[in-house]
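Look at the two complexes coming up: chain A is in both, with chain B in one and chain C in the other.
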Partner chain A sequence: MKLLTLNFLTCAIKTCKTNSASFPLHPRDAELEIVEADVNLPFLKNILPRLMWDELRGICTELGLPELPATPPTPADLIQPSSSTPETTDAAPIAEADEEPSQTAKDLHRVLLETCIQEGKLVCGACEHEYAVKEGVANFLLPGHLV
Partner chain B sequence: MLPTPSTCHVCFDRVYEPAEDSYLLLDTLSSGSETAFLQDRFGDATSSPPVVLEVGVGSGVVLAFVAANARTIFGRHDVLTLGTDINSFACKAAAQTVRHAVNEREDGRSVFADVVNGDLASAIRPRSIDMFVFNPPYVPAELPDLSRHETYNTMPEGKKATSFEQDSYLLELSYAGGADGMVVTNRMLAQIPGILSADRGIAYVLLCAQNKPDIVKQRIREWGPGWMAETVGSSGKKAGWEKLVIVRIWRSLK
Partner chain C sequence: MPNPSTPAQTYETNHVHTVYEEIASHFSSTRYKPWPIVQTFLQTQPQGSIGADIGCGNGKYLRDKSQVWMVGCDRSTNLAKIASKNEPHSVIVADTLALPHPNGVFDFAICIAVIHHLSTAARRVEAVKCVLDLLRRPCSSSSSSTSIFTSSATPSGPGGGGGDDEGGKALIYVWALEQKDSRRGWDEGHEQDVMVPWVLKQKKEKQEKGRRKKGGDEEVGAEETKQEGDKTFLRYYHLYRKGELESDIEQAGGVVLESGYEKDNWWAIARLR
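Presenting the complex of A and B:
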């Protein structure tokens, strides 16, 4: 499962919902795999406000991945500054389709969409329940008595 | 007519095969009136990407259709799709269906997150979903005995195939809805206000005539001020108990 997915998941136990420690879930004993994909700049720019940035940074640290910047990048940070010569600056703005991803965009893309947990556990910070990840699929089913 | 995603790799002995209910969802979500509604709500290309959750993805045909036709349905490509199913075999099959459809039709511009194995939306972060879709087990029939779930949810140890009993159990999960066919749907309806984003969340839930759709809609409208529930699709051609409707649930923004 992709690290981006962790942005939308929490502990499945009802009584944890009101406990802020139940988000994010913490990967443990994770085997990571990189699944390459094309950088999707329009998506990255638009998803920024929906990312829980501090939590995402924490997950990267826990997984021993390169550190993310302390504050979320702006959409402009994700675009490679144009290498065009001065004469072209007052021409029409570059069409969206021609924008190139900056290194920041590529790094974010790698973390969110290419870094996948193949095996391991996701642990709730509130109740410490462990959810298994097997063959890339996280299992949030609870034994009957916990539901 | 938009193409139906390919599900030819799915083993329908233990994963729900796309049927009239699945196709009604595809037709409704791509109908002129629904695409107009959704584009009005989500079409602004500078707003954040709509996050779509389908619970009970089965083969993945519905989620794949939404992901692969993001542009037609939402008026934008950057839609994020996420799924859950109680059946782990369905989770894997659906992930493959969505990935394939996105690559083929959207050239990777719409983004598929994952399908997780879980009970309804119990593991979804509160207020994080913009569009929710559910084709539930809606047939009035006794619910299967869930105490066998853990054993039946994985390939038997050391075997390459599932047993007949296992397959029957997994298929029962896909259609049996308990009393009035509403036991699973009622549990899901109770979770909807909690998972939808406050400003633009919207849900589509399929019901059959025996679920008593008019009563269900009335109950939703009583959730609180602004909650709306309307039938926005139906397969009324056939009489009888499997007459199906799609109910759109949302909060009026005014």
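Presenting the complex of A and C:
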């Protein structure tokens, strides 16, 4: 399960879901794996405004990953400045397809999309319920008395 | 293992969940063709939309890696594992009535061929509500009737996305009672709560291969002639009659934006009131 998914998950227990302490879930005993994938710049740009930055930073710290910057990058931060292509003489605007990901974009891609929790638990900060992650798939089925 | 506590839960565990877990791989091999209404709904979502696929099965709607990103879930671990191969989307194991997707965040949701597996009217309405609650709230600034899930519960971030005022939209799809031209032949007046067999082939499936009908039929591949060694599973279904899905949506606090009938199924697109 890629870390981006944690941005869109909370506790499955109904009474807990509305408690702000249930977000984000906290990885525990996590075995991480890097699953390489191509950088998708439009995707990163789209997802950027949806990220709960402080919470994601917290998760990275808990997992012992390199620290994310204090403030989220802007969409412009994700694009490599094109000054290094002096040969182009025509003034045509750079098409979106030609944009290259910046180091910031690559770092974000590595954390959100390539860093995966393969085994471990996700723990609710409000009720402390633990959800197991096995073979990269998190299981949110609740025991009967909690439904 | 979940430990069901109510008769309805126990019933669904025995007559829905266990069956899908057992037939997952065969079921998945027969589920490959998307329904046109669902595909159109997905393709009309703005680029960058965030979606939830509730009851994603083998992930047949997670194949498209174009312009949206989805968090899918299924009650069956085996199906969720199959579905999780659809990068870049994410898939988890979860129950429709206890979803870990945060409320008020998603631009869209699909719930295809799921709600008809719940065995009481109250649970079906509750399931619709669980799906609708995931959606971004309609944000007409004057509206005072929004619920406790608004901005305070989901701080600024994920809700901020796409700019339309109607909030998120959900597409719900259920099996219809009225399908007299299907090979099942059910129609108006028939019992709505039925058990539908699934024959798990133990031997080679030679006759099935070239025989699949177009249109992603609900039951293609199952209930062909039973041979020795085959195992029959019965799944519970509540067949929806005309107007019933719309009524469930309204009882769940939703507004029906569009609805219709497609190939033995009723569908509706809804948002929160």
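Assume the second predicted complex is superposed on the first by the 140 of 147 C-alpha atoms of A that agree within 3 Å, B and C clash if a C-alpha of one lies under 4 Å from a C-alpha of the other, contacts with A are read in each partner's own complex, and residues count from 1 in each chain.
Just so it is clear, a residue touches a chain if its C-beta (ideal position, glycine included) is under 8 Å from a C-beta of that chain, and two chains touch if they have at least 3 such contacts.
Here the structure is a predicted model, which means the values were calculated and not measured.
In the superposition on chain A, A:103 makes contact with neither chain B nor chain C. When the two complexes are overlaid on their common chain A, residue A:53 makes contact with chain C while staying clear of chain B. Contacts of A:20 after superposition on the shared chain: chain C is touched, whereas chain B is not. Of the two partner chains, neither chain B nor chain C is touched by A:82. When the two complexes are overlaid on their common chain A, residue A:74 makes contact with neither chain B nor chain C. When both complexes are aligned on chain A by C-alpha atoms, chain A residues 1-2, 4-5, 7-12, 14, 17, 23, 37, 40, 42-43, 46-47, 49-50, 113, 131, 135-144, 147 touch chain B in the first and chain C in the second. Here chain C touches chain A in the complex through residues 2-6, 9, 47-48, 50, 69, 71, 73, 75, 77, 80-81, 84, 87-88, 90-95, 97-103, 105-106, 148-149, 152-153, 155, 157-158, 160-161, going by the rule given at the top. Contact residues of chain B toward chain A in the complex are 45-49, 51, 53, 77-78, 80, 82, 84, 86, 88, 91-92, 95, 108-109, 111, 113-119, 122-126, 128-129, 146-147, 149-150, 153, 194. On chain A, the positions that touch chain B within their shared complex are 1-2, 4-5, 7-12, 14, 17, 23, 37-38, 40, 42-43, 46-50, 113, 131, 135-144, 147. By the touch rule above, chain A contacts chain C in their complex via residues 1-2, 4-5, 7-14, 17-18, 20, 23, 25, 37, 40, 42-43, 45-47, 49-53, 113, 131, 135-147.
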